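Okay, so chain A shows up in both of these, paired with chain B first and chain C after.
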Partner chain A sequence: MKKIISYIINRIITALLYISGSITSIIVILIVIFLFSEGAGMFGQEPTEKGFILAVNKTNKVSHLSAEQTKLIFDGEITNWQKVGGKNDSIILFRMDNITDYFTEEQIGENFEHLPACISKVVDSIPGIIAFVGKTYTDKNFAGKELKVDKLTVRDFLFGQLWFPTAHPVAVFGALPLLLGTFWVSIFAILFALPLGLATAIYIAEVANPVVRNILKPVIELLAGIPSVVYGFFGLVVVVPFIQSVFNLPVGETAFAGSIILGIMALPTIITISEDAIRTTPRSMKEASLALGANHWQTIFRVILPYSSSGITAGAILGIGRAIGETMAVLMVTGNAAVMPHTLLEPVRTIPATIAAELGEAPQGGLHYESLFILGCVLFLITMLVNLAVEFISRRNKRVAS
Partner chain B sequence: MTKRILSIVLIFSLSLHIATAQKIKGSDTCLPLVQKEAEAFKKKFPTSSITITGGGSGVGIAALMDGSCDLSMSSRKLKMDEKLKLQDAGKSYKEVIMANDALSVIVNPANKVTQLTRVQIEGIYTGKIKNWKEVGGDDLAIVVYSRESSSGTYEFFKEKVLMNKNYASTCLNMPATGAIVQSVSQTKGAIGYVGLAYMEGDVKAIAISFDGKTFVKPSMETAINKTYPIVRPLFFYYNVTKEKTVKPFIDYILSAEGQAIVKQIGYVPLAAK
Partner chain C sequence: MYKIESKNINLFYGDHHALKNINLQMKANTVTALIGPSGCGKSTYLRLLNRMNDLIENVRIEGTVMIDNKDIYARGIKIDELRKKVGMVFQKPNPFPKTIFENVAYGLRVNGISNKSYIEERVTRSLQNAALWEEVKDKLKKSAFELSGGQQQRLCIARALAIEPSIVLMDEPASALDPISTAKIEELIYELKDKYTIVIVTHNMQQAARVSDRTAFFYIGELIEFNDTKEIFTNPQNQRTQNYITGRFG
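Let's turn to the complex of A and B:
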């Protein structure tokens, strides 16, 4: 009887474990599918605001523009059609609100019933015009020519240098500054955290006496438990003014501030994993080295570090992964200007910060929304590569050990 | 016995909930105001129940589309995209202005500059003016702070002050108004824009002129009498079919009592009709 009950309980527990395992994997897979499906619709669309078109005079030779050109035209940076492949004529901007400059309100009509005709007349009469008008106001008799804006491509997205997702009339999605900003901050964070973390790990594992070790270890693990927004706040109030005054900069919110904060945040990961790796060095190896006459430091550098190198690398890569995906702290200290990074002492904008800051107000299902999901996919691919690298290295570690 | 009483109370309170509950969602700018209004409203009508969540104007409007909220707060007008979507979903909506919000342009207190024209501000934010000496200040690089591109404040400032031109990409985008105040107060060459309600501490407001002649400092008085130019409306949007549910609360906000709370929070009340 007892046997049967314990058998049943065993089966139930096995089933529960099996169910929770499969639920977790299904959730992970669903999240990934969701991420990619939400972002998938972005490419191949025209970046013009929905419900609007760009129109030019019939005599205009220009038939299509890139998104960046359109943005520069509407910002008043490009003022002549010659620059975008047209004839030598100055560009005149026209938005719906400008209609009152050309017609009185009576001419437009009380319920805007003559508006389409008025717009058509304006576009027809000015050869250099570029008009940004609602589709509903351009009927069959519309005298202008619709201007095509180049469709979004993967290449433009990954290598474009302008990130203006809410620009009117045409949004510009160039994610290169964001990609580089993410790498820039993460790489310098790791350059700062790796030597420091490694030194601490060696100290804790090999040098420190047990009392110091018992104090240091929990303190470092505590670092991992501090919420990232607290790190961000600390960065904004302490690190940012400090950097500003030390380097005599006009502004302290820089990639450097982000790197320092991320470095501090990556430290616990690096220290804990490297320390574990160092501790796994077999006692026999250490003793053999000491017996051959090597002193403690020689043993550390010639025997222990080479033996645990793959574990240390795994720790460093996981630290990088943490830095790449970190959002809140970076959002608060890097200034978030979407410019191509040139030096460390300039504001940058990272991918996670962009997603966190922009998703709240992006119209759901719109182009901007989808572009943020694509950014999420890019981030996912990067961290997946990082994790695969860890897997590869620790597998090599096992082979070496056996 | 106690169980039965408990369940009766539970059912009773639930049915009460259904009768007068309304869900409000949207702009984080409107959130503190609407929360305060809801508290006062609940004190006056104890049976009413109002749930308010933030998330941003876009989130509120999306919730209005799928019907998961009754009233959406927005610090910007509906975008064409959203209007078309509401139309496609066959929903007719109504727009109500609940209050106004004024934006002040702030600089570090150490800055000599006290007034700017709209054209100068446009130059600064589009990256054409890069040094304070070009607008009558010291020889100091200008550090331009802006809100995130997703915020209603960003759109409004762009429309009203930059005349729809895009911000320079060198602008520093801050996630929250508080962060702008903090950064401007600790950066000598900084310029930023914040809601009138956030004007506090170690920052200096700039007098602004749109015509190049009369400069007006932002304050509650100049914002109410519309002499200060950078004022924006805060909106409610709701589905026409839900009008019965949301009307009492909206009427309360628009009443003299509600508008007094608007002023108390630091927003600009609507001009008395």
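Let's turn to the complex of A and C:
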């Protein structure tokens, strides 16, 4: 009887473990699928606002424009058709509101019944026009030519330099400034955190006396538990004004401020993992070095650090991973300008910050919404690569040590 | 005239009295075996000779250890200088995660030698002295971890020899090795005697009998008997020595 009960309990526990394992895996897979499926619809669509088209005069050679070109035209930065492959003629912008410049209200009609004809006339009469009009007003008698805007492609998304997801009449999704912003901030964070973290790890593992070590280690581990919004707050109140005054900048919210805050946030990871790696260096290895007349520092630099280099690398990469994915603190201190970064002392915008800041105002199912999910996918792929790198390095470590 | 001379050594780990009033002298170019059951203090004594015990916290040492008539625990003694003179081979092979060449060259490099041809010559000579040269001469650039356990241990011996010590301490150098590798190490010890003073800790009674000139028997921190190896094994003066070497305890 006892045997049967223990057998049943065993089976139940096995089943529970199996179920919880499966549920976790399924949830992870579902999240990934959700991420990709929500974003996947974006590519292959035209970025023109729904229900509207761009129209030009029939004589215009230009048949399609890229989203970026369209944006620049409507911003008045491109003013000649020559720049976009047409003939030498200045571009005249036409939005629906402008119709009153050409026709009186009577001509348009009380209920706008003549509006399509009016638009048609305007487009037909001005060779250099580009009109942004509702689709419903361009019936089959429309005298103009519809101008196609290039469909969204992965290439344009990853390498486009303009991020204007809510621009009229054409949204531009070039994620390069965001990608670069992320790398920019993360790389400088690691450049700042790695030497500091490594030095601290060496100090704790090899130099500090036990009393200091027992105080310092928990304190550093505590750093990892501080909510990121607190770091952001600290950054905003202390680091940002400091940078602003030291470098005499108009604004202190810069990539540099983000790097410093992220560096501080990556420190506990780097220190804890490196310190563990340093401490796992076998005692016999250290003794061998000392027995050959090497002093403590020679032993550290020539034996202990090479021996624990893969652990240290893993710590650094995990630190980078944390920096890349960090949202709140960066959102608070980097200034959030989605422009191509040129120096550290300019505002930048990272991918996570973009998602956090824009998702709330992006209509669900729209292009903007989908583009944010694609950004999420990119972030996911980057962090996955980072984790694979850690896996690869620690596996190599095991092979060397055995 | 003794090479190593220890007088009234007492050593404490915290409250634990690990070595009790040890007096032991060793002549140059002899092999001295330290035998005794586990925890008897023989390794502790060995590590006293190159001040390896300094690494342990809470250790307290009384008495004097003279090497070449100099007190190695006196003030102003440079520990790295001492350790250059007193090489050490450990129980388990512990090569560095470096190439075979760099393992042997390590001691030279940390002692500030950068003359390339001199280093090459020393590495070659040391590997030859450690009877490893023929086996590794074509793969000096390979990782030391690719060698077998016995080869690794001889590499560690070569590494210790490279800095030209006059004393070599061996802490159970063959205990982790197979019989063939053990035989090679023993042969090597026999040859090295010409140039070095060797102190070897061993659990293996036959090994002590084979390689050493003098044998010291330790028991619970005390030096029970110290005599010519032949005497110890054929005609022990102390009952406990006899019990130990005949295998009745330990």
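Rule of thumb we're sticking to: the second predicted complex is superposed on the first by the 397 of 402 C-alpha atoms of A that agree within 3 Å, B and C clash if a C-alpha of one lies under 4 Å from a C-alpha of the other, contacts with A are read in each partner's own complex, and residues count from 1 in each chain.
Simple rule for what comes next: contacts are C-beta pairs under 8 Å (C-beta built on N, C-alpha and C of every residue); 3 or more make two chains touch, one makes a residue touch a chain.
On a predicted model such as this, the values are computed, not experimentally measured, just so you know.
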Between chain B (first) and chain C (second), which does A:252 come into contact with in this model arrangement: first, second, both, or neither? first
With the two complexes superposed on chain A, say which partner A:302 touches: chain B (first), chain C (second), both, or neither. second
Using the touch definition from the top, say if A:290 reaches chain B (first), chain C (second), both or neither. second
Residues of chain A touched, compared between chain B and chain C (which is higher): B
So, does A:349 touch the first partner chain B, the second partner chain C, both, or neither? first
Thinking of the overlay built on chain A, is A:282 touched by chain B (first), by chain C (second), by both, or by neither? second
State whether A:225 touches chain B only (first), chain C only (second), both chains, or neither. neither
With the two complexes superposed on chain A, say which partner A:51 touches: chain B (first), chain C (second), both, or neither. first
Of all residues in chain A, those that touch chain C in their complex: 210, 282, 284-285, 287-295, 298, 302-303, 306-307, 400
Give the list of chain A residues in touch with chain B in this complex. 49-52, 71, 74-76, 95, 134, 162-168, 177, 236-237, 240-241, 244, 250-253, 331-332, 335-339, 347, 349, 353, 356-366
Which stretch or stretches of chain B touch chain A in the complex? 28, 55-59, 61-62, 65, 79-85, 126, 140-143, 148-152, 154-155, 164-166, 169-175, 179, 182-183, 186-190
In the complex, chain C touches chain A at residues 50, 52, 55, 57, 80-81, 83-84, 87-88, 90, 92, 94-98, 106-107, 109-111, 143, 145, 156, 159-160, 163
